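In the two complexes below, chain A is the common chain; its partner is chain B in one and chain C in the other.
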Partner chain A sequence: MADIQKQFEEFHDAIKLKRFKENEELREKRDIITKKIKKGVKTKFEEMEKDVPSLEFIDQGSYAVDLGIIPEDKDYDIDEGVIFDLYKEDYTDSVELKMIIRDILENHTNTPPKIKNPCVTITYSLDDEPAYHVDLPVYIKSKYDNNLYLAWGKEFSNQDNKHWDLADPEGLNDHIRNSFKDDAKKQFKRVVRYMKKWKDICFNSSGNSRPPSIGLTIAAVDLFSYKQSYNYLSGKFKDDDLGALKDLVSKLKNKFILKWDPDLEKSFYTIEYNLPVQPYSNVFSKMSNNQMDSFYQKLNELENALTEAESKSDPHEACKVLSPKYFGDKFPIPESKEARYQQVALSSAPSSNSAKGD
Partner chain B sequence: MNIDFQELLQEKEYLDKVTEVESYNYELLFELRNGYQIPLTITFSPLFPAQLPVVHINEKYHNIPDIPHVMSSGLVCFLDKEGVIWSDIPERILDFVFDRVERVLISNSPQMEYHREFSYYFGTLEKTEPVFSVYTPEDEPKEISVLAMGGKPFAFLTDDVESRSLLSKLLNANINSYNLDKAYYIPLDYTYKGKVPQFDRFWSNGEITNIIRDHISDDTLLKIAKFSMNKKRYFYLLRIPLLTGDQAIIGLWYERVNHSLSKKVIPLIDDSIVDDFVVTPLFVFRNDDTTLIERGGGIKKPLNVLLVGCGSVGSDLLFMLARSGIKHFTLIDDDKMEIENSYRHFLGMNKSIERKPKVKLLKEEFENRYPNVQIQAIENEVLDTIENGEIELNDFDLILVAIGDPNIERSLNKLILESSTPAIFTWVEAYGIGGHALVVNNGEKGCYECLIDSELRLYSSFAGKSDVPFIKNMNGCAGSFTPYGSIDSMETALLASRLVLRLLDNDIKGNPLVSWKGSSKVFEESGFLTSDRYNQPKDILNQDDYEYINRSCKVCSNLKDVAY
Partner chain C sequence: MISIEWGNIVIEIEEQVIKVIQNMRQDSPTDKESGGMLIGSILTDSNDFVIRDYTFPQKEDYQSRYRFIRREKSHNALLQKKWKESNNTVMYLGEWHTHPEMDPHYSLQDIRNWRRLLRKSKTFSDYLVFIIGGISIYRVWIGSRENGDIELVYEGAYNESNKFN
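For the complex of A and B:
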């Protein structure tokens, strides 16, 4: 079995996105925005002569659970939930609060903020290129329960497309954060990042052809198992990311079911994975049958590549299978035998000694 | 060559912290291409680069891993040196050495590697004892015997006359049934996938019990259950199917150490008494039918060969064929071993003093050297022997004729063609100009008679026509050195031996003539002329020749091929 754990770990170091506490710039951006929102909400509500609601913020997304990777397009993505201490029963229009947020941040960046269905998006640019964006999902409470509700809808959506959706951002964070411990947790994080990088490399970025990161993450929480292998040389057990990733990929592949599409008269591999928290919806629901089928095929290719890499004893050969085709050029390839050692140093020579039969 | 080894090593980027321990001996860190750094020692030979350096894993800083080709001392066996030639440029040798060392250290599927070299690793066990086996392994468990001397096993065998006499010959001592102890042969039913014992790591008694139980069928277990005894020592011969598809044969010697234990048991499979015995692994040297054939070069069925003529060519032929695995020979020759021709003869000079018949001396010599070989010796002239019914040509699988007398060979040819046994005639020419071998009676036309033309010249001859017999200078003796005699007869026997093996392998069509051609220098200096055939190229002469076949040969043309 190829021992390319070191290469996997180097790859991980190269793609890993540091958390807020390690990434001062992003942390500052977040804090500026949250301060500005607090201040803005106070001003707005005072202008409207209403009681100023208290606000809470919640880190969401890959930053919050420490599963981020450095984006291919350098468009960093921060998710910061804004929780209004208000009741949905008093706010029948779910977009009203999002518009307030949008207005507060109107002149904050060159690119105007945008109200999307699940959030308000602030885009920061660097030399006219998007440098990162901050997604701000907006939540509200209810008079009748302890749940949070996500403000869904755009500014000019029909009334039907504006609603308060049951959500549990904290629960989701906890679910992911608490799924593994210690070394298993470290490997889990690495393996999820490998999957995300693979997704960036192997899928077209347009539309919904990429499986959503949250989908991969939720599936990994469910399916990942910690793998170590015995290193004969050192005589010790050590983490086996290749084995763990391969195991996850094949388990995920097995979650697909073959579904007949009567309109297209064709079978597709499809997958459903429900959120483990409210609203328990299917995380892959936005993908079409075709896209899911292609997701399946790509998983299959990845599984084959990992199996092939595993079968090579030469680390150069093993890494060449994976890099750059599946994981991009950040995955290191150790030098080849030919590059390191001068060849033609030996050939077989018939001699009486080698002719003897036993 | 004066080489600065320190500098040589330091120039390699994959080596680090090169330190001279003493002259020729260095410590260093070797970085494998997967990033693993392993401390090694390298010891150069003063004969470097003609001799390769020796590489060890440095025990001071690293454990000795349990992987193939790494010995318990840490020695990395990176190359089986036999049959390879390496560069004589020091920089390149280092690259090649570390390439090989790396290959050992990152090699795939260790278990398979171990299994491929099961015997080798088993032989490295510290307390292993060697033992012979003349028992040919079968597919069923079986009670067999072991010859033990002073409690120590010496050889596994079956208690029958044949095996006992074979072993008696091997040991040069008489072996009777009462010298033998019981032993049990057990072929495991299922492929063993586990670790191969080596160095100081033999299976524990409990492990053995588990291995046996896990690798036999219920049926086999029932059969083994009958092997229960109340003895001080127990001997087992095991056949183990390996991952490679091969089968290893090993022996186990159980010696009871709990002297209060006294009941019928089978320590091999009884895990309740594992601590009552000490087990010694036995490294089995097989001398049974299967192994001898495998090593000899592929003669599979027991063959009965008639060898007519036991002079220098005949005796060398016998020697080569016995070493190729043929075990049954009948020798016919009426000559005695004389001092004059002893130089060229296989038996050598010391055997000629007694003036004994060659067939008798050869029988003694060969049965002594190769206990599996059985020889019937007939001291008589061949035509007479056949005529008086002492032998029946149809009883043989092959007849070899190395008499060197064309007149007798011509007559013998006729008799052979009347039988159904194929034959090979072989003879050597004088002065080292060459030798020949001819297949006859192998279906189709062509026989010894075809070689002879109306002027009584042999088609095959390398010597030109001469009325003077070429025989005189063939007789080298102690007084006069004959430059070619012995080598020529050997070369001829070799030519004939290869033909025999091809014939037995069904690799010969019809009845070809093959020849080898030597130098004509001495021959011509002695005033003789070579034939036209001699002028053909060596390689052509060495190929199967069917040109000699005489379609109207009075011996073979109307005997065979009638059906066509």
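For the complex of A and C:
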């Protein structure tokens, strides 16, 4: 069995996205936007002769939980929640506050901000290529409970498609952050990043054909278990990322159920996974039966590849199974064992006669 | 894998080689001596070498409590097969055998035998490695084919925790 832990860890270093703490550029982008929103909200509300509400911001998404990977298309994605200390009972139109945010940031970037259903998106470009986008989900409070409510809807949506949706962004962050400790937590983060990279490499990026990252993350929190391998010569345990990843893939596969689709007269592997916090919705709900079935087939292929890699005795052969097909070319392939050795002529030895002696 | 620094070269012994010796050690009173060739390669970018394969007792060999005789023909045939399968990269690099004692020492017969192997074997390497597997530990010697000197270079304990493998 080949030991390719070193290659997995090198791969992880190559795809890992640094956190805000370590990534000054992104942190600055975030801080500029939050400052601008604070100032803009003050001005807007003063113009409307209303009390200026206090604002809070919350880091969300993969940055907040330190599970980000460097994007394939270099389009970095920051999620920053904006919480208005206002009551939804006073704001029947859920898009009103989003329009205020949009207006504040109107001239901040060359590409105008866009109001999407769950958030306002700010796009930064570099040489006409999108370089960053910042998604700003907008939340509000209620007079009657301590929950947060997400502003859902677009500017010209009809009333039915605009609403305040119960949400718990802080609870979700805590759920993910507090799921594992110490070395298990480190391996958990690596394994989630491997899954995300696999998703980037093996799925078409259009529409909802990719399983959402939050879905993979939530499933991993639930299904991951820490794996180590034992080296009997050194008497030491060391992390076994290949084993942990394979175990997760196989458990996730087992969460699929075969469902008959009467319209298409065909069976599909489908999966449901509910958010562990409000609103407890299915994280894979946007995927069609066809897309979920293809997700299952791809998990199956990945599981087979990991099993094959595990069975190879030469790390070169093991890594060649995984790279670049499943994880891209950032996954290193060490030199073949045979290539490390000199070629020699045929050797031989006479018989050998040993004895313990008297 | 164990790694032995010796002079300006490094000798690595892969895990499966130690494991076969461990499995054949004479830890019960009726176990007979076992032995075989040590087979390995020399790295392209240095003179370091790696013991990565072995032969074990064949039916023509002689095994008793205190004696092991490895015959020439069957083991050389195995060596040739392994050489071909390795794209001509492996060679004869020495000899291993077991002893029915906790802490193994070479006998007079052993040292004579090793010196003969240093002289008579035909292999690319300037050195041969000799391992005696005792019951609780194993020892590793290196012999020079140039001057016949033999030196103890390593002793290691088998790890008992095999249940994790």
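Throughout what follows, the second predicted complex is superposed on the first by the 336 of 358 C-alpha atoms of A that agree within 3 Å, B and C clash if a C-alpha of one lies under 4 Å from a C-alpha of the other, contacts with A are read in each partner's own complex, and residues count from 1 in each chain.
One rule holds in what follows: contacts are C-beta pairs under 8 Å (C-beta built on N, C-alpha and C of every residue); 3 or more make two chains touch, one makes a residue touch a chain.
It should be emphasised that the depicted structure is a prediction, and the values quoted were computed from it without experimental measurement.
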So, A:Asp13: does it touch chain B (first), chain C (second), both, or neither? neither
Between chain B and chain C, point out the one touching more chain A residues. B
Would you check which partner chain A:Gln342 touches, where first means chain B only, second means chain C only, and both and neither mean what they say? both
Partner chain(s) touched by A:Glu56 [first = chain B, second = chain C, both, neither]: neither
Which holds for A:His316: it touches chain B only (first), chain C only (second), both, or neither? first
Once the structures are superposed on A, label A:Gly235 by its partner contacts, choosing first (chain B), second (chain C), both or neither. both
Is A:Pro334 touching anything from chain B or chain C once the two structures are fitted on A? First, second, both or neither. first
Chain A residues contacted in one complex by chain B, in the other by chain C: 232-233, 235, 340-342, 344-351, 353-354, 357-358
Over in the complex, which chain C residues touch chain A? Could you list them? 1-2, 15, 18-19, 33, 35, 37, 41-45, 50, 65-72, 75-76, 79-80, 83, 86-92, 95, 97, 99-101, 107-110, 113, 116-117, 120-124, 156, 159, 161-162, 164-165
If we count contacts the way the header does, which residues on chain A are in touch with chain B in the complex? 1-4, 6-7, 232-235, 311-316, 334-335, 337, 340-342, 344-351, 353-354, 357-358
Parts of chain A lying in touch with chain C, wherever the complex brings them together: 229-233, 235, 338-358
Help me check something: in the complex, which residues belonging to chain B touch chain A? 14, 32-36, 38, 63, 65-67, 82-87, 89, 91-93, 95-96, 98-99, 102-103, 105-110, 295-297
